[in-house]
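Two complexes, one shared chain (chain A), two partners (chain B, chain C).
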Partner chain A sequence: MKTLILAVAIRILLPLFILFSLYILLRGHNHPGGGFIGGLICAIGFIFHTMAHGPGHTIASFFCICIYVQPRQTGQNKLSHLLRLLSANVVNRKKLKGNATYTLKLLQVDPLFIIASGLFFAASSGVAGLLLQQPYMTAYWADFYLPVFGKPGTPILFDFGVYLLVLGVILKITFVMAEE
Partner chain B sequence: MVILILAGILLAFAAPQLYHWLGKYTYLPFTLFAAAVFVYLSTYVPGILQGHTYSYGYTWTPSLNINIDFYFDGLSLLFSLLISGFGVLIMLYAGGYLKGDPLLGRFYLYLTLFMVAMLGVVLSANIFSLFIFWELTSVSSYLLIGYKNEKKEARDAALQALLVTGSGGLALMAGLLLLGIAGGSYSLTELLTRGDLVRASELYIPALVLVLAGAFTKSAQFPFHFWLPNAMEAPTPVSAFLHSATMVKAGIYLLARLSPVMGGTEAWQYSLMAAGGITAVFGVFMAMQHTDLKALLAYTTISALGLLVTLTGIGAAPALQAMLVFLLAHALYKGTLFLVAGNVDHATGTRDLNQLQGLGKKMWRTGAAATMAALSMAGVLPFFGFIGKELLYQAALEAEVFGFLLLAVFFITGMVFVTVAFVLGYGLFWKKSENTTPVQHHLPPSLYLPPLVLATAGLAFGLLPGIMATPLLQRAAQAVLVEEQSFKLVLWHGFNLVLGLSLLTLVAGYVVFLYSIRLRSFAPFIDKVHRFGPNYLYKLSIVGLLYGATRITAVIQNGYLRNYILVIILTLMTLVTMALWNGEPALEFGSRMYQLRDVRIHELILVLLIFPALAFLLLTGSRLTSIAIMGMIGYTAALFYILFGAPDVAATQLLIETLTVVLFVLILHKLPAFRKLVTSYQRIRYIIVSAVFGGMMTYVMLLVKQFPIKSELKRYYGENGYLLGKGHNIVNVILVDFRALDTLGEITVLAVAAIGIFAVLKLQLGKGDNS
Partner chain C sequence: MIQLLLVLPLLVPLYGAILCLFCWRKLQVQMAIGVVTQLGLLTSSIFLLQVVNKQGIVTTQVGNWPAPFGITLVADLFSCLMLVVSAVVGVSVFLFSLRGLDVKRMDFGYYPLLLLLQLGVSGVCLTGDIFNLFVWFEVLLICCFVLIALGGKKNQLEGAIKYVTINFLASGFLLTGTGIVYGLLGSLNLAELALLVRSAEAHPSLVTLAAMFFLVALGIKAAIFPLFFWLPASYHTPPIPISAFIAGLITKVGVYALVRLFTLVFVLELELMLPILTYVAGFTMVIGVLGAASQVDFRRILAFHIISQIGYMIMGLALYTPLALAGCIYFVVHNILVKTNLFLISGVVAHRHRTFALRKLGGIYLKQPTLALLFIISAFSLAGIPPLSGFWGKFMLAKAGFETGSYGIVATSLGVSLLTIFSMTKIWNEVFWKKKPETTEDEIETKVEKYENRLLHLPVVFLVLFILVLGLGAESFIQFTLKAADQLLNTDIYINAVLKDVK
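Coming up: the complex of A and B.
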């Protein structure tokens, strides 16, 4: 779907979506909210982005780390080649997008990876109890408050795992369906 | 100990990466790990020899009595030393045997996992952790048998082993639970002191049957023996480690361990002696019919396991001593012979006895190991097997019941063991023949050293039984018999009846060896009979199961979503109706009418909104419209949640509805045109079913509200949500703290579902590409 308004708006809104979802995640322990809802909100932001720009663009902008490389041309000295690459990677990244000779995908985060890390965080939040000779999943809280974040404790880690997992699941489904 | 086990599991899962880094040196960390375990366990030897026992407890789920407890006594130490000692050699051997195999990393993963699980089985003092490790050995055995996963035989054999030992494991679980109920404890150490209580309980016989089912399937006793010969599809190091030296002896370990608790009754004695005796004779009988080296060894292993079960069944002190000695001797020589078979296979490319001749010159080191092991197997004088055989006859002579029958069983098996020993130790390597089998390559030290070490150990144990074996075996026998044991193992008993029997066995075995080729000509005939044995029954039941599953699936899951929903709703309705029918109090409409007066106007409006939406949904001809209306109905439900004070649920519902609509929109244009697929008759049927279902759910909800909920939970969560969970939002505190394990389960399901959706969608794409 190519709608100009959505396409422009979502670029501005997406960071807000993410911030808001994190806010929902963190407030969840005392007010309505939590990892599940937070994950859903974050995912909806990305889904709108996918709707407006297509899955390829979403993946390339948010789930990839790209550096641009180009073989050194004849007659070009090493320093200018390096400088050129540097400027390609720092200053004018946008221009090079789609220019095949330049791109190298360094790291692509598959949503499955997000799912797996969510499960990992959730499951490992209970290990603290095991290590302290308590039943698995015994909660531990720190004795201090962090600004913005609140009181850190293992349930927050668990909720963060839920957040990541829900985000990953919906992203995976969306990307697979949208790519079809 | 728990650290060691965890370290082992971590190391196991690092194996593929280690293989990536280390290449052909992958065996090093694993051999070192096994060696470290062996050394660690050896530090317990002095204490155990002085008669101490050690236990370590780690709480896991104390409210359910599920703990990880470890218990060190003579018996568990004997087994764990055997496992880790074998582990060292096998890890080394596998590195040479599977050199260059692209999946070697995975192989070490499975093998290390198995070793850790096996240690867990023999050291566990809690029946739940015992069961978990027991099943883990089955699973790792499955993975190891199916290691050559591109071969259908290997996959089938792996599945068979898993199904047989896995279902045996389930029976064992039930049996152990009954045992725990009868004895009033789930701790093995406590159960060991409550034998009388258990034996007097009326749960004794069911528990016995179930535990025996577990032990017999694991230890390949007749009629569950058939998985073991098929399991020889596994690479030879696996066969040597799992299917002769350690895993199949887990059943024997369990019987020996439970012998003070459950043993001594007639039911115990007769069932063990019968199963063991039949297995022993059957095993050697089948062994004579095979020319494949590994099949030959597999059947003799089955037979030896039968002997061990029989000896455990006799239950008297001499029998159990003989059992322990024979167990050790068997592990040493059978492990060696398997490794020898692996070497022969590796060097010549065949395992067929008819094609293998005169290997002694080219492979003299392997040959030497084979001969030493064969001498031990045959029970020739300076070897440890000789002591085992002597004690075996001694036990039969001193048995209270069936002495003569037992003697016959021991004699027949001993005789065939001698024959097999001749075949392997003499016929294969040193018998003079014109055309020797060509040897394709020389064997590296990692292949010939382990069997040599094992065979030499067999000799050393035999020559110096007083130093090497007696002390630990005494303590092991003490653990089985509960009282102090003072038997001494000696090589030479003097000229007596037992020695005569030993000699007679040797002579008879040699005679059978001379005629063995003629005996083997019966093989095709026996094969015909054997085809209808337990293996055939197993195949039949698998085929039947698959056929039944296909038929049922075709009826209730025919590919149409509406049909799935219909089946689910009808099943639920049937169950609810059955529950309501059985004398549940009926709904009292009259006394509840007052509640209608409390309905407020905005609630009524929300309800009334749903009706036109529904009517529109049923009549619309556009997919987009129907999706939007579905979303609208969902939003209405969310509004209800808000009205009744559940903001968390409402927020989730709103977001899910939004997501559903958005996702549908994403794929909408890919879907075929909206068509009516059902006739109006079917439509009416669906309408009736949904109306009845809706009515029933309303009735049930009203009925539930009729009774005050006498649950402490609400109060408990309300009070402790902030005190213990440190949160004001009870829903969230319950989700991430009080019931976090449930949530973990749910999100795991979610993750699996995502992978499933991914697989289904991608799979269909693949199909499209192929056609």
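Coming up: the complex of A and C.
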């Protein structure tokens, strides 16, 4: 579907969708909202983007990480090579532009990865209780308030996991169906 | 410690599945994760069984909210036995699928799905909450749907559609029943429900109405008479490891839920329920075994036998004495092992000869005598030849039947046993004994194939060992099941274990 209005508008709306979904996620503990509906709202933004620009463009703009890679030199072990790449990509990334020894590579983030990490966060949020000799999923709260965020605790980790899981599932479905 | 042990059968497969998802494209890594997870699940269930055997029923409240409000996980002997047996079956099916499943299906997430399915099974066995029971059944069924349809062959999709349609209907009934129970009694916790149902305010007829919904819903899932027709239509379509796991285990999970609910919660108007269950049990046995007698496909015969065996388990529930329930538990354990094993054997045969049709098979006794021996142990065990495991299960059930004077159902069950022998002999004659038909050309086995075939024997031998132990060590195991049945019938122990914090 090619409509110019939607294509332009969604670029402005997408950050709003994401912000609003995070707001819904955070208020969810005591009010209507939470991880499930937050994840859905976030996914709606990306669905609109896919409708306006096609799945390829959405994946390229939001679900790809550009990293600089360099083949491992002889005599360099794997760990130091990895550390070198990490520092090149994180610390002095700006300087690398135009550096001929590094090549640019796109690393695609599969929605499946988002699903798996969501499940991981949700399942692990309960393990804190187990470690402290309490039943699984016992909630632990910090004593302080963060501005905007509220009181941090393990249930928000669970909600965040659900958020990622829902987002990942919807994105996977969207991309697969849009490609067909 | 207890808190950890009770959630481990859930957490181990869940984390295994998550790790498998992270390594989606690396099959070797998924296999390695699978090995660790299966062994972890087996050890954690055995530990739990030991603890429960020593301390009685153990509980934990997930989220640390007190019992009728929080999510309760309960483990008694019956549920622990189910956990251990399903873990054993999981290990053997996993071993089988390493060589017995095509790479294409593995690529589409076979391993994470299998682990999530096991998560669902553990959940059903451990939950102490009627709504969570429904949720775990959904987890389990959704994985089953995908596994049955995995690969997308035409007959698989046909089987999957039948399976999905009828099981969604069942889930609808299950949810309706849960809703009625909640509306009537205002609780979802099984232990509190058990208390409320026995109090004076409960309306026996309305509770029985809810019980009927549960009977129909779980009856569809367990494939009892008139609700079994989806099973033979779908269980023979997926590849062997999948159908072995689903056919061996999933219907029995339905039986487990039936036994749990009808001993704990729906105990009103038993004089109405038990005759219904008795008739259902009798018809299930007869129809299943007659269906099997008319089939000419290795797997279809086995699929129909599942139905017939479910009848025996329901018979144990219908007789409703400690001995009968012990027989039911024994039979569930025995049947899960034997049925999975027979399916795996049919898989070994089909891996070599590329067919399940009895007509095209033959002469395996000459070529693979070990396999023939393994088959005959499992088949005799299924038919109930002493001293193998099936005999003891049937013996306990028949004895319980005579004690309560239900001669009709005992006669039916013994007659059905004879017919079971008939079907097993049919497979034996056709697949193992008769000469290989001339029309089919003899495939020449390469060295790799020979090696693979040897490897496929491993899970079968593993299960046969368990079957032999179950049959030869019957004395101690029968004592064990009697203890489990005692726990089922003395609901006060269960209620006190769950609601101890409230009182």
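For the reader, a short list of remarks on this structure follows.
The working rule: the second predicted complex is superposed on the first by the 140 of 180 C-alpha atoms of A that agree within 3 Å, B and C clash if a C-alpha of one lies under 4 Å from a C-alpha of the other, contacts with A are read in each partner's own complex, and residues count from 1 in each chain.
Keep in mind that, in the parts below, a residue touches a chain if its C-beta (ideal position, glycine included) is under 8 Å from a C-beta of that chain, and two chains touch if they have at least 3 such contacts.
All values reported here derive from a predicted model rather than from experimental measurement.
With both complexes brought onto chain A, simultaneous placement of chain B and chain C is prevented by a clash.
When the shared chain is aligned, chain B and chain C each come close enough to touch A:M137.
After overlaying the two complexes on the shared chain, residue contacts for A:H29 are found with chain B alone; chain C is out of touch.
Of the two partner chains placed by the overlay, only chain B lies in contact with A:M177; chain C stays clear of it.
In the superposed model, A:Y145 lies in contact with neither chain B nor chain C.
By the touch criterion defined above, A:D110 lies against chain C but remains apart from chain B after alignment on the C-alpha atoms of chain A. Legend: residue contacts after superposition of the two complexes on their common chain; A:G129 is shown touching chain C, with no touch to chain B. Contacts of A:F120 after superposition on the shared chain: chain C is touched, whereas chain B is not. In the superposed pair of complexes, A:M51 makes contact with chain B only, with no contact to chain C. Chain A is touched at more residues by one of its partners, and among chain B and chain C that partner is B. The intersection of chain A residues touching chain B with those touching chain C, taken from the two complexes, comprises 112, 115-116, 119, 123, 126, 133-137, 139. Only residues 1, 28-37, 40-41, 43-44, 47-48, 50-51, 111-112, 115-116, 118-119, 122-123, 125-126, 133-137, 139, 141, 151, 153, 155-156, 158-159, 161-162, 165-166, 168-170, 172-174, 176-178, 180 of chain A touch chain B when the two sit together in their complex. The residues of chain C lying in touch with chain A in their complex are 3-4, 7, 11, 14-15, 17-18, 21-22, 24, 60-64. Those residues of chain A that touch chain C in the shared complex are 110, 112-113, 115-117, 119-120, 123, 126-127, 129-130, 133-139. Contact residues of chain B toward chain A in the complex are 58-63, 647-648, 651-652, 655-656, 658-659, 662-663, 665-667, 670, 724-729, 731-733, 735-737, 740-741, 743-744, 747-748, 750-751, 753-755, 757-758, 761-762, 765.
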